[in-house]
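Here the chain labels run A, B, C and D in written order, and each chain numbers its own residues starting at 1.
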Amino acid sequence: MSKTILNLKDLTIKFGGVTALNNVNLELKEGEILALIGPNGAGKTTVFNLITGVYKPTSGNVFLGDVAIDGKKRHHITKLGIARTFQNIRLFGDMTTLENVITGTDVRNKVGLIGSMFGTPRSRREEKASVAKAHEILKFIGIDEYADRLAKNLPYGVQRRLEIARALGTEPKILLLDEPAAGFNPQEKVELAATIKKIRDAGYTILLIEHDMSLIMGISDRVAVLDFGQKIADDLPSVVQNNPQVIAAYLGVPEDAS
Amino acid sequence: MRLELKDLHVHYGKIEAIKGISVVVNQGEIVTLIGANGAGKTTTLKTISGLRKVSSGQILFDGQDISTVPAHERVDLGISQAPEGRGIFPGMTVLENLEMGKFNRKDRKSEMDEDLDKVYTLFPRLKERASQAGGTLSGGEQQMLAIGRALMARPKVLLLDEPSMGLAPQMIANIFRIITEINKTGVTILLVEQNAQQALQRAHRAYILETGNVVKEAKASDLLNDPAVREAYLGTGAH
Amino acid sequence: MFDTLIHQFWSLTFSGIALGFIYVLIAMGYTMVYGVLRMINFANSEIFMVGAFATVMVSKYVFKLSNDAIPPSSFKLFFVILCCLLASMLASALLAFLVELVAYRHLRNRTTNRIAPLISAIGIGIVISEIVRILTGARTQFSPNIIPKKALATFQGAEIRLDNTITIIAGLILFIILDRFIKYSRLGKGIRAVSMDEDSAKLMGVNLNRVISLTFIIGGLMTGAAGFFYVNVYENVKFNMGFSLGLAAFTAAVIGGIGNIRGAFFGGISLGLVEIYASAIIGTQWKPVTVFIILVLILLFKPNGIFGEAVQKTRV
Amino acid sequence: MINLRDKGAEFWERSNRPVRVLTVFAILAVVAALPYAGNTFLQTPVAAFDAVLVYPMGMFILMALGLNVVVGKSGMLDLGYVAFFAVGAYTMAILGTRTGLNTWEIMPIGIAAAMFAGVLLAIPTLRLRGDYLAIVTLGFGEIVRVTALNSEGIGGALGIAGIPFPPGLGFEYQLLDQKYFYWTILVMIVLVIWVIRRLTVRRPGRAWESIRQDEDAAELMGVSTYKYKIWAFVFGAAIGGGAGVFYASRSMVIAPDNFTLNTSILILACVVFGGMGNIWGVIVGATILGYLPDRFRFLSDARLLLFGLVLVVFMNLRPEGILPRKKREKAIVKKGSGASI
């Protein structure tokens, strides 16, 4: 059994009077693809926001390895090795594709304002390395041909992929993908599935929010189901798929009372 | 009353969210749009109510193209929407929220009371909480308020966007029962849902949306046991 | 250092409250607009300035008042006050309406960039104050005394002056009318609805553009009234008078929680008092500095204002 | 409207190194020769042409470049930029009249003082939302002036007179012939352009750009947004401070009245007019707006009115300014064009 890399312990978060997540426990093993599914409003994106430090949990902790990261600053969490994409694409539209990825790689760079101003050898070295790395990532994701296009002018599918590329730029241990296939047609979904697998095979651990079941069933090692801010299942895809509680959460309970 | 979308296209910036759909809603029907996230269901409803601009195509309401009529005037034509996420006014009382539903109607006091009575009969909980701020209601109560508020405008067609979202199963069943009741009073309903089972049980006809396209149109009862629907939600291999 | 404060405590308090009401009224201009647009109306200080000029113009050129002439008698006085007040309110309201049209409306529908409307509003503010500067030759205009500054009574040795009393009473009445209007009238509810959820308000049939115009107009009416009261107490106007009062009134709005009209009421009165007391201690020339420090402190520690979201019910 | 910036960028890309170097020197030579163009149609009726080149034109360009880093690059609306200018100027005035230090020795001190003021303002306020930041900076600019006005120790309303000229470097700075001042400020401008260009194509520039476009996304991509916002602010302050030192040293006398809100607005108008975020646009904008009111007499009294109009009109009709920020993309080989992926 590979070791646990991310551990959510008894996570609870309340907004006003509403409990958005209630005592959620979730473990992410190194090198796996874990899918997080559940109906709209179940709290999936809230989980992402808790992991990346956008929200602080009301109670409970998030451990990256042995370090509790809840309460740490967002950019610091990224530096520790967690990167994410956004459900509603949030690229830097006025930057080129390449610059978007380089902005991601900057978190590993050390040179600051003064170094950049004087163009120290280290700053030149880092800039060069960043460009090379960014191109490499774009090739890996298969969108290098768009490197010099402005992000806002990219086709939708490329924008979604660029979100992933930018996140990879930060050299994360864990990649959080928030509905990467939203708005994709079946063909694009197949390609995306291959890309996600390729990323995993390159050594990343992936936590994925997705609604498309065929995609999830095809690539995930494990599926966790949230409903109403609670985890109602966490198992192999084939098992989860036939879990009556899950089916009920998704398709609704056939009404027998009325 | 007849609502018809003809080859409707809608863009968000450069991205095409609705890629030419055609949908018909006839007088007295409950029609449901189902499909996964990002399929374009909510966008479709927002376009009908005027919150989103039409890129091309038509929205025909009783034969008239209303696609350039501003949102606030569509209410007066008889199109009301209970939006996704309920969109109630948190700082107003339940009663004030309901009164907002009648914003442009210069009804007599007696008509106002009549409509209030109707809503309160459908949702007795709202009457109990009439003077409470909307923001303090539970999710289910807020959904009731959103629907009740939309009904206050005496709509010909009621657009419901995911009324089951974030609600407990008991409450979902309750809401759907009421939707049928509303329909029986003569209000046509266009319902967007993720909860396919419930929606299909209640609706007459259904459209399945996938990435901005209508991929299937059928009688709701036919789709209820259609493996394709199940597949759309749970993927192949579910049985 | 504290001698002035102790000896003239009550007299300072009355002036402070009267000044506070002027702030309350200008703060309405900020808070109403902020409530529906979530944007600061940077031209509000100029809207105030124009309101103040309107009173001076009307009293000087329509009623031919001057400080040498005998002050008008009671009935005529009432009539003059009413005309000047209305002139100020209408001038400011009209200007506020134009500001919305020119500086905000077009941009609101076109861009999500939040800086653009701010810059455009700053620009229109500059244009207004520059026009006035050029027309007046940048000179301070002295206003005839409209309301005699006579003492009505004394309290603990402090005079209760007529001009201050009228400011306080009229300010209070205007505030109550506005508060009721927002809470109970149909249009007031429309304004509140837009401030809480723009899309939902549209779905209810609220005409967004009309509500936003209305909000600017109401804010202008209040701000214009403040111009009238200001002239009565301080008796002079200048093209750049809006800046410091505007900043103070904005601070008042922030103290109570911007977007919240009752908060602005509380904020205005307390700022008026603090300012007058502080001036008695460290001197009037440091007044802007005091206000600025209060603003920064509030934004840092209580960005939602003293009341925060707790009184959201009364939110515009 | 044709995109001049793209035309320029295109030319630059097509050219090889010698052509580029030649172009730069040619432009510099023309610009440097401007003081000799005083008796042509460029002549300014009120102030002498060579003086106008230094102030307002040169100073405006310098300050607009600094403000552009804050407003244009990083998206923070700073309406109190004049404060840093004032701090620099007062540092020069105080030290120049009371110590034996000369302008060039005071320059780093003035810049440091302005940066310190920047940090002081930035630390509490940069956590605020954009519109609050705008009003706080607006207040700050005015507060610095009011403080100077009320502080008798630094001359109060009268200000400080007798500030020494910079020491000559083989030539003498003169009041009646200001070409040496002009050339000095030209050197400062070129230096600043050079530094800003370096920064913007490197990590700090990307950080600023990302903050402007989507601060939350930037933070989640690992950009320490608070730190870089402070840097932008302080960097802008440094340029403002440097400009202030030079201004005081040239003017010989300064008073609080030189540092009103108007100056902040004028500089902002230069940035907006030229094109937020684009240094060439900002230079063009500041040149035109600095020059026009001195060239045309009827504009000089209505200068601020004109600038206010510029703000309104440009924000509404051409928010990207005369020269927009980067729009052009390099031509690419597009495989499978038409497909959505």
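Keep in mind that, in the parts below, a contact is a pair of C-beta atoms (placed from the backbone, for glycine too) under 8 Å apart; a residue touches a chain by one contact, two chains touch by 3 or more.
Note that the coordinates shown come from a computational prediction; the quantities given were computed from them, not determined experimentally.
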Checklist line | Of B-C and A-B, whichever chain pair has more C-beta contact pairs | finding: A-B
Next item on the list: Tell me which chain's centre, taken as the mean of its C-alpha atoms, is farthest from subunit B.
Entry: D
Margin query: Based only on mean CA positions, could you tell me how far subunit B sits from subunit D in angstrom?
Written below: 54
Note to self: How many angstrom lie between the centres of subunit B and subunit C, each centre taken as the mean Cα position?
What the structure shows: 43
Margin query: From the mean C-alpha coordinate of subunit A to that of subunit C, what's the distance rounded to whole Å?
Written below: 49
Margin query: Roughly how far is subunit A from subunit B, centre to centre by C-alpha average, rounded to an integer in Å?
Written below: 32
Check: Mind pulling the subunit A residues that touch 2 or more other chains?
Finding: 153, 156, 185
Check: Viewed as a graph of touching chains, is the assembly arranged as a line, ring, star, complete set, or other?
Finding: ring
Margin query: Once the touch criterion is applied, which pairs of chains come out as touching?
Written below: A-B, A-D, B-C, C-D
Margin query: Can you tell me which positions in subunit B touch subunit C when the two form their complex?
Written below: 49-51, 70-73, 75-76, 80-81, 83, 87-92, 96, 99-101, 103-104, 133, 135, 149-150, 153
Next item on the list: In the complex, go through subunit A and note every residue touching subunit B.
Entry: 16-18, 39-42, 152-153, 156, 179, 182-185, 211-217, 228, 238, 241-242, 246-248, 250-255, 257-258
Notebook entry, point to check: Taking the complex as given, what residues does subunit B use to touch subunit A?
Noted result: 13-17, 36-38, 135-136, 139, 162, 164-166, 168-169, 172-173, 176-177, 194-199, 201, 210-212, 230-239
Checklist line | Residues of subunit C defined as touching subunit D within the complex | finding: 39-40, 42, 102-103, 106-107, 111, 113-120, 122-127, 130-131, 134, 243-244, 247, 250, 285-286, 288-289, 291-292, 295-296, 299-300, 303
Margin query: Taking the touch rule as given, give the residues of subunit A at its contact with subunit D in the complex, in rising order.
Written below: 52, 54, 73-75, 78-79, 83-84, 86, 90-96, 99, 102-104, 106-107, 109, 111-113, 116-117, 119, 123, 126-127, 145-150, 153, 155-158, 161, 166-167, 169-170, 185, 188, 191
